[in-house]
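Comments concern the structure below.
We just call them A, B, C and D in the order they show up, numbering each chain from 1.
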Amino acid sequence: MISLTLRFIFFLLMLAYGCETAFAKDTLYLYNWNNYIADETIQRFEVRCACRIKQSYYSDNEEMLAKVEAGAVGYDILVPTGNTVETLIRQAALKPLDKTKLPHLANMKPAFLNAWYDPGNVYSVPYAYSITLIGYNINKLRALDLPTDSWALIFEPKYLQKLKGRVTVLNSQKELMSAAMKYLGYSIQDRDMRKWEQAKALILRAKPYWAAFSNNTYIKDLAIGNIWVAHGYSNDMFRAREDARSAGRPFSISYFTPKEGAVLAVDNMVLHRSGQQTALAHRFIDFMLEGENSASLSNMIGAGNPNQDAMSLIQPEIARDPNIFPTAELLKNLEMIRDFEPRERRILGRMWIEIKVR
Amino acid sequence: MAMHIDIPVIAKGGLTLLEMRNVCRRFGDVVTADNVSFTIEVGEFFSLVGPSGCGKTTLLRMIAGFDSPDSGDILLDGKSLLRVPPEERPIHTVFQSYALFPHLTVAQNVAFPLRMKGYSQHTINTRTAEVLMHVALIGKADYLPQALSGGERQRVALARAIADLPRILLLDEPLAALDAKLREQMQVELISLQRKLGITFVFVTHSQAEALSLSQRIGVMTQGRIEQIDDPARIYGFPKNRFVADFIGHCTLVSASVTAIHASYLSLATEKLGQILAPVTTAVCVGQQGWLALRPEQLRIGRVGEFSHFPNRVRGKVDDFLYIGDVTTYIIELDSGLRVETMLANSAPGRVHFFDEGEVVELAWPAEVGCFLHE
Amino acid sequence: MRGQRKWGASYMNNPIVSKKKWHKQARIDRITQWIVSVPPHLFLVFFLVLPACIMVLASLRYPGEFGGLAPLWKTPGIHGVAGLTLENYRFVLGDLVFVEILLKSAWIAFITTLLCLVLAYPLALLIAHRPKRQRELMVLFVILPFACNFLIRIYAWIIILGPFNLLYSPFAVIIGMVYVHLPLMVLPLYTNLEKHDPLLLDAARDLGAHAWQRFWHLTFPLSLSGIFAGSALVFIPALGMFAVPELLGGTGDIMIGNLIKEQFLESRDWPFGATLSLLLTVTVLAVAQFSARFTQRELT
Amino acid sequence: MRTSATLWSIALLVYMFLYIPLAVVVLFSFNNSELNAQWVGFTTRWYTVLLEDSDMLAAAGNSLLIATMSSVFSTLLGTMAGIAMHEYKFRLLPALVLAPVAMPEILLGIALLLFFRQVLDLTLGFWSILIAHMTFSLGAVAMIVQSRLTGMDKNVVEAARDLGANPWQAFRYVMLPLIMPAVTAGFLVAFTLSIDDFVITFFNAGVSIKTLPLQIYSMIKVAVTPEVNAVSTLLMAVTLTLIALASRIVPDAIHKFRTD
């Protein structure tokens, strides 16, 4: 009896040890949004630099901040949105970039450089951007003849009655409340808490009609047809449209940027101070700055592209899509999220708890 | 609904209450009831005795309804019980392990049958108090079974079974788990209770002493067959065959053959005891082979020549003796090698035995002693 | 931690053992007791009691600038809040919404326990009355769903409920909760029912009790301790569950577990998360105390 | 007792309720479409995708390594705790052993997360998960060993001491062989608890290490492809054989020594 157990334990240890050693080669740890880089791009980089990329995913900046705070060790590259870059800089959690190793930085469109959150791009380099908008099931909405141009679709009970249990919204305090502020016509930089209270009231009024808060399952749910309207990121909606088409679903998915304006999220590559592979990280950032690789972000994932060099390589119908490359006048009412003072953040945090709990 | 309780008249040798008619039952190749037929009268204390595994408990379970015979019938007041489930039969059982309901107090246990019949709470309370008086457990009404002693638990099991005055009470070796002193006390109580309530008792036990002392009629069973049904004196005095003689009480069995039949006695030729005179038994013919059964207490032990007036005399030496307090049993080894058991009351205080080991003694007994058995 | 020594104590008061041998033996015994009991005590105190105290302490502090906890002492030079505060408790108790969500979680856990009981009891009763060989097999088939990972069992329901538009609804949450917790209810019930002495049922039947009466007056009362053990085994984990409501629940189906998880892993307000966790702990202790009092009356 | 038809029908209903979802999961692992919407065609490509998925294999490896180590250590400590609780009447130990099993996992997860980050400043990863797993599986082993000891004839060990064995010999030659089935059962339970744990690992895993449940969670939340079904089916098969193994060797062993 005892020998049986010992043999069993020995066997398990060997098996486990086997799996572990296979990946001792130098490995670059990338902590990125889910569905924000094509596998094919990853493989090309691994082949070029003879290394391994170990990816972890997050679906909200807050989640990434919390996880990094909880177990900060080992991540070389993070891809935070603008406001989160500012937070990480204030936390002194980043390593400055060595520009000399980034020859392709010149490809970057000037408008995206020298951003308010990282003047002089000391720590960050733009990676891609997305717009937080509304994706929908064309057939269903045409049948219900619902408007496809305004936030009212997910905030007005008169539309929501027809969509009861078929709508999901982002499980992110900043994104959802900003969308509500936009619908009310306010700027999302506004520090007047009374306006945010109105946004909270608006959300609470619409909440009973929504099916769920979801940061990622909405891609699959839209493609399968469980839900018909989703509040989410433009690249995710692109993915949902592709999934539905490739799976041969009897409907198609589309998405629009509401006329009242929306949140623009410019995501940037940064080096976390606890990363070991600094040299390899720089090569990866530079690799992503090359026109061809950056173009794959738009062609395969439908993300907005800050890279000038890549514009020529992007497929025409994606380049023309205003939800991926917004026109100048649309850009006017796109705003980026900024972090507020801790005191205000706590008040908003408490509002968010009320939204979730009421 | 008030409960009408009439104390049934104790009929002596009266009406047949329960009849077993050609009941057969087998478990695989083991026969537990082999064409059993007997009747039990109203108000009788009937015992079923036999070695363990002789089928007496199966018989009891068939009467209670937990088991049904392969063939034959069981009749109560002339009506067949086969289709009647246990809960419908006016028959209750006192189990050997008592089977008291652990989560109910003594009073609630006793009240259980009454509650099942839907009597009013008032009737239940009065009847329960009354029954607890019978078994002297009034003080323990609110105790849980695990807080009681063995004797008390046994009495609760008894009280519970007689609470709603069943027509028949089956007792499955109820006293087996008690110590000797307590068992004697309970035996007395059982008899007085049976007389007071007049309920027909069917008492199953493997202890023949208990059966002899308690019952008005005894059925001796072995391998699923009833060997003999009779009152205790005849069972002990005139056993029908070797098994009954050997099982009930102690006795020495000697093979014998009839040499002559006289008016008041038989003369038998036995190879171990020589020529013996024994009482007449019916349906015997000269030359019949059989067995002579001698009860130890009927043999007189003394010095050689002391009992010249007895016809049957044999000589032997004291091989061993067993002191049991009031009597001492002597094992006498006869010249012919037969070992015979006899006993002598210790009338003189302090004397452990009257004969020493190896001393030559003589055993003698009158012609009326012994019993010639056919098979 | 003074343990009364029982191991081999009997020889101690045996006069004929020589004094010297007796002392040596006592010393060996003392060492053995130490070897056996210190390591587990140490590990559990260090990794269970201490963390619990830290959690209580955390609930009394301010949240850090970027998540985590603000420093305990006011160190010069570093701005921002420090020291202890009852702010979290004022916020939790000030607003009834948190007690509301606790009650809602308790309500969902209660319904789950009830449904598990209604489904598990007949099954346990049936298994307890089957012959030995069949019994082990049927119990094994109850445990088997535990073989596959808890998340996969939830995911199975995502696939099933999705097309019927039942997903993201309280109904889905209840189905998921019952599905995950059902085996936990069957086992204690089965072990209790299996211990019932069949002779008691014969005795009850002999005393005139019909099938339903036998169940109501005998089997059910005796299985009460099994029912309470099973209910506690389902209710307490169900109260703290967050994966099922998150994957299957809709906007209105948030439980206290989700709120706690969100404080720690999304809105980075650890003190408030710790306070909610304590609120949950107090509820669990109350429930455990209540059910322990019933299972204490071990009858059979 | 006459088991009525209603009992059988409810039992059948419960078994179907337990097994239909699992059947669906296994069925869709062979579905030839990215989405689990409806049946398209039979394929085994998800299994090939699974075997090439390095993250999954790494997660499986981590899970196995952690589960093995945690159950070995917790069986060791748990057996000690079980014996200590049985031999010496401690008041604190039973409560400590019961607490992690009795309270919702989220509380234990949070407490450990705070403790590791605030007190030990241990970055969450392999060791934090290992310790977390040991905390709750130690309790399970201790309870199994203790219940085995209470079921055992008490004066067997005293008889050994009486015949001149010192505590260690009494343990080694009498107590250990007798409780070995319980220790093995404890190990298997600890192993299953550890490999199956999600909630506590979720809070204490940090970022750098992934166990199987976490990998499955992220797959369910994010890129949900039938690969999840494939890994679920394989996991079911592995744990199934483990339980069958445990249920075969342990009860027979326990029956052999049962001394009612």
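Definition applied: a residue touches a chain if its C-beta (ideal position, glycine included) is under 8 Å from a C-beta of that chain, and two chains touch if they have at least 3 such contacts.
Here the structure is a predicted model, which is why all the values come from computation and not from measurement.
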Any chain that touches subunit C and subunit A: D
Chain pair whose interface holds the most contacting C-beta pairs: C-D
Far-end chain from subunit C, centres as C-alpha averages: B
Centre-of-Cα separation between subunit D and subunit A, whole angstrom: 36
Whole-Å gap between the CA centroids of subunit A and subunit B: 92
Between subunit C and subunit D, centroid-to-centroid distance (C-alpha), Å: 15
For subunit B paired with subunit D, centre-to-centre distance based on mean C-alpha positions, whole Å: 60
Subunit C, residues touching no fewer than two other chains: 68, 162-163, 264-265
Touching two or more other chains - residues of subunit D: 36-37, 113, 117, 221
Sites on subunit B at which at least two other chains make contact: none
Every chain pair in contact, whichever chains are involved: A-C, A-D, B-C, C-D
Complex interface listing, subunit C residues touching subunit B: 197, 199-200, 202-210, 213, 217-218, 221-222, 299-300
Subunit A to subunit C touching residues, read off their complex: 60, 62-63, 65-67, 69-70, 87, 90-91, 165-166, 168-169, 171, 173, 207-208, 210-213, 221, 224, 226, 342, 346, 349-350, 352-354, 356-358
Residue numbers on subunit D that touch subunit C, as the complex places them: 1-3, 6-8, 10-11, 13-15, 17-22, 24-25, 28, 36-38, 77-78, 80-81, 83-84, 87-90, 92-93, 96-97, 99-100, 102-108, 110-115, 117-119, 131, 134-135, 138, 142, 157-158, 161-162, 166-168, 170, 192, 196, 198-199, 203, 212-213, 216-217, 220-221, 228, 232, 235-236, 239-240, 242-244, 247, 251
List of subunit A residues in touch with subunit D within their complex: 1-2, 4-5, 9, 12-13, 15-20, 22-23, 29, 31, 34-35, 52, 54-57, 59, 67-68, 70-75, 216-217, 220, 223-225, 243, 246-247, 249
Complex contact set, residues of subunit C against subunit D: 1, 3-8, 10-11, 28-29, 32-33, 36-37, 39-41, 43-45, 47-52, 54-55, 58, 68-69, 119-120, 122-123, 125-127, 129-130, 136, 140-160, 162-163, 179, 182-183, 198, 201, 211, 232, 236-237, 239-243, 247, 257, 260-261, 264-265, 270, 273-274, 277, 280-281, 284, 288
